[in-house]
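Residue numbering begins at 1 within each chain, and the chains themselves are lettered A, B, C and D in the order written.
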Amino acid sequence: MTADRYEIHELMIARIAEEMTAEGEHIVLMGSFTPLAYAAYMLGKLTHARDAWLAGYNAVGIGPVQLSFTGSEAAAYRSATSTASFNQNGWIFHLGTRGLLECVSSAQIGADGAINLSAIGDYDAPKVRLPGGAGAPEVVQNYRRMVAYFTRHDRRTLVEAVDFATGRRTPIGAAAREELGLCPGAVLIVTPLAVLRKDEDEQPFELESVHPGVDVETVVENTGFELAVPDDVPVTGEPSARQVELLRERIDPFQTARFDFLTGEERLGYLEDLLAREWDRAEALVEQAAAR
Amino acid sequence: MEDLPGLIPEGSTVVLGGGWFANHPMAAVRELIRAGRDDLHAIALLGSIDVDLLVGARALRHLTFSMVTLEAFGLATNFRRAVQSGELPITEISALSLQVALEAGAHRVPFLPLRGPVGSDLVAMHPDFYGTASTSLGDADVPVVKAVRPDVALLHATRCDALGNVQHEGTYAMDPELARASDRVIVTCEEIVPTEAVAADASLTRIPGLLVDAVIEAPFGAHPCSHVPRYAQDAWKLLDYQKAALAGGDAYDALLDRIRGEDEESYRERMLGDGRGRVLEALVEAAVVIDEEAA
Amino acid sequence: MEDLPGLIPEGSTVVLGGGWFANHPMAAVRELIRAGRDDLHAIALLGSIDVDLLVGARALRHLTFSMVTLEAFGLATNFRRAVQSGELPITEISALSLQVALEAGAHRVPFLPLRGPVGSDLVAMHPDFYGTASTSLGDADVPVVKAVRPDVALLHATRCDALGNVQHEGTYAMDPELARASDRVIVTCEEIVPTEAVAADASLTRIPGLLVDAVIEAPFGAHPCSHVPRYAQDAWKLLDYQKAALAGGDAYDALLDRIRGEDEESYRERMLGDGRGRVLEALVEAAVVIDEEAA
Amino acid sequence: MTADRYEIHELMIARIAEEMTAEGEHIVLMGSFTPLAYAAYMLGKLTHARDAWLAGYNAVGIGPVQLSFTGSEAAAYRSATSTASFNQNGWIFHLGTRGLLECVSSAQIGADGAINLSAIGDYDAPKVRLPGGAGAPEVVQNYRRMVAYFTRHDRRTLVEAVDFATGRRTPIGAAAREELGLCPGAVLIVTPLAVLRKDEDEQPFELESVHPGVDVETVVENTGFELAVPDDVPVTGEPSARQVELLRERIDPFQTARFDFLTGEERLGYLEDLLAREWDRAEALVEQAAAR
């Protein structure tokens, strides 16, 4: 049953969660701060991918954790069935052949699927120095599935060529990947307007689906690189009522996944609000303990 | 605690433990700032306020990193400014490659092979770090990274004993590998305990004492970062920090002056007095694992 | 337990967990003998009765090893006879190099560098295993070993859960790396427990369940080897074994026939009945750490 | 105070224990079965090297353990302050630069310090197939000190050239080693007759000392390779009364270190005796527990 009302980030989460499968030997790791992706992992784990393996920080085999700025880490350890150093996890999951799904959110993505997390403008004299890619350069290369998600779909984000390729999945074609011993899997882009995918190195990104109410023209106009548009473009599936309920009540009651959709000015205020609720919850616990 | 900076020779390359907002050695970082250091080459795997504070206090002459960010709070303001202005020379290395390079240092081998970031522009940019190997076994063009051996590892842990054994109950990132790779290992910890307490749960010991040169008791030594399961990140003080960094100028200078004008005990009183510390502890308890059966 | 041999394809290369007389997967070894296997390539890091029994039962077509010995009980009789007669083809590799080669397999890289056994005649004997590498970083003639990726790892542990998480309380040798290196991982354990029991002490989990293909409950599954802290090695039964092996002929055939004619439950009754198991457990308790203050 | 009475293995243990120092960053590991060496490690740890680091099995930072066939492993874990997999210990201690003292007991040792743990006779058609060297090939190369000990001193054991070099420390000279980044340190041979040492690749083993009552001629006659004999050969120091007491009462009450001195025929009987005493101790515990 489709939800009567949902927000766009909930649709994106549900679409990304489709990529979560319960393939036994693969794992999904919570790495650098990407709350929308985390919500998708948890949603998959609570619905169609109950046997999926999750990890975060040094905790491996964790349960689905409620997202919060101050609680996700603690919940990960409380539910973990094992722990391992970043290096051990790096070898086995990130650099091995056992990574299932990696979501990245970069400043730019290019026609070739390259992502820029380093610098806008000249690398050596940047207009904006970005945070850097953490493990994304290796991870987009070695995981089974790569999803780049963006909270805006425009020609400044989806560009012909990125200013700097912090990471690039190469090759992309399944046959070429398998020949090199790499896991096959397309590059997926999920935005507030549409889902794009690239299956072959020599072919452009294809428009996989447009979200309800979005017309194809809008997507093409706002994409800075050539887009293959099939004759019949499907509409992205909407989240179910149950998915939306799980997201709002269980997975992300503090709405951390909405965060990236705010403008810079809105953010700090939203954050203060959200943190006030986390604080109240903790303070209530302290008061309860004092009362006992 | 005040003796810590003296253990780090002039011009040292110092690798910082922890990752994201988890368990950075913040008490040690503050102590370096109090000592007025301006000579350090920091290596940060997944840096946040640790790096931004060192940069803001002009403690670094070079930074090697894979990421520096204040995540939800925004870009790392001082880091961004200092790189954009050209004031801070950087070496950007992808995280897994940096991890493996430090592991090579730990193993006392000159390089290690890995399934590397072949599509990244960082590879061509650093041919002295990202290389390829061929072997008498028939391998050709295998991606490798050059070993990194820091002078000093600066780590924070849950507990240590006098022999230098180091236990983390929560996030230990790649602290064990940093200890193995570095010539000198300095560990601050929430508490120093008798060796019997360490032996009682030996599987929690992440670093054996023979690798450790100094242990220093520093309660809340990761604050405002988290030290799970003892305390959560202090998102409120992180927000205050970011506001001061964004304001810059006098506001940020005042922040630095307060740190320089106090010791760690005064810092804890200022930051965690009036029961704030207990709320940070309660946040760990308040964290929710979703009941899969009920959901 | 009886299904275990079916999980190991014909002709598989099988690496055995444990080391010396500690924690070899002996119940699994016996089950392979019961199944009449004669097709296996065993890899034994530090083998003892596990290898000698497989060789005595003619289960192996090849053996890769760094050491096979019955230590105080003498040379491994069947191993020695089979190699001296030329019946058993062997590949002898030094232990650290074999460890590193398995780690290379685990890391999905073709080779790893190490400070190798350059003075050993084994190096020249196996140029397809011990090699050298040069790199674009300027390294030349760095000793390396070729990755080894076994088909199957056969391990014994203290407890597992249904998700395949594996905990060892005592000796785990390099079982974690064997699990990572091998395509299929089969673990016998003293007991299968609920996942909550594993999560209660997650730092004891040596192998995360996603690497594990099958877990099988096998109490005293390391016997006559040790599984500390549950039970000590059964030196008395090891001595009986060696006497039969030294006698050879009918005496050793009778030993094999007894194993083939019973299941693991009968084996436990025969070996550990009448309270013998409790004494093996008490031997762990009887072990003495010398009081340094008093000494 | 020198002990009034001691056995030859006790003298050898005391001499090997001298090599145990408490150098902070170095460690001694109990690996393959060498009870005489273990006794030396424990003796050092209980006397002049109290700060020494010991490890055994996966247990690191262990206390001094009483030697027994069935108890040493359990005692190691009970006293451990950390644990690590063989690979981790391999990298950090064996293959790193932190191994202090490695004792080996091989079938043969050559004039060049090579040890044979593989085969007597032709390797491919051996007269005696030996156990193999375990980690000795890497360890004799990388540790600070290498001690080869033997329970007999004869020309079949100390040979001009070994039948097969399972391991060989090379180079041996301190300057050449340091140039390669290897720990410096001589090759020491300790036998029931004497102590020999080799400091330089191009120089023969030198007679460091003869044990009390042994004449130099006997040593030379029973050594299968050229031996440099100084004008004045010192006598090996005898174990002190306290050392012998520690060995007999604390470290090795079951006399496991005597074991290697027995002939093949004597061994199984000796072992049965010794094991009977270990059994009695454990059975008494079971009975005590039942009585409670």
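By our rule, a residue touches a chain if its C-beta (ideal position, glycine included) is under 8 Å from a C-beta of that chain, and two chains touch if they have at least 3 such contacts.
A quick note: this is a predicted structure, and the numbers were derived from the prediction, not measured.
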*Which whole number of Å gives the spacing of the CA centres of subunit C and subunit D?*
25
*Could you give the separation in Å between the centres of subunit B and subunit C, each centre being the mean of its C-alpha atoms?*
39
*Using mean C-alpha positions as chain centres, tell me how far subunit A is from subunit D in Å, no decimals.*
57
*Identify all positions of subunit A at which a residue touches two or more other chains, and write them in rising order.*
77, 79, 83, 95-96
*Residues of subunit C whose C-beta touches two or more other chains*: 107-108, 114-115, 203, 206
*Think of each chain as a node with edges to the chains it touches; is that a line, ring, star, complete or other?*
other
*What are all the chain pairs that meet the touch criterion?*
A-B, A-C, B-C, B-D, C-D
*Can you name the residues of subunit B that touch subunit C in the complex?*
107-115, 127-129, 131-137, 139, 142, 144, 146, 201, 203-204
_In the complex, subunit D residues that touch subunit C_ = 32-33, 42, 45-46, 50, 57-58, 63-66, 68-75, 77-79, 83, 85-87, 90, 94-96, 114, 117-118, 123, 125-142, 164-170, 182, 246, 250-251, 256, 259, 264, 267-268, 271-272, 275, 278-279, 281-283, 285-286, 289
_Going by the contact rule set out above, which residues of subunit B touch subunit D in the complex?_
106-108, 161, 163, 165, 180, 195, 198-199, 202-203, 205-211
*For subunit A, which residues are in contact with subunit C within the complex?*
24-27, 53, 59-61, 77, 79-84, 91-92, 95-98, 181
*Touching residues on subunit C, where the partner in the complex is subunit D*: 19-20, 22, 45-46, 65-69, 71-76, 79-80, 83-84, 86, 92, 94-97, 99-100, 102-103, 114-122, 125, 169-177, 206, 226, 228-229, 232-233, 235-236, 239, 242-243, 275, 278-280, 282-290, 292, 295
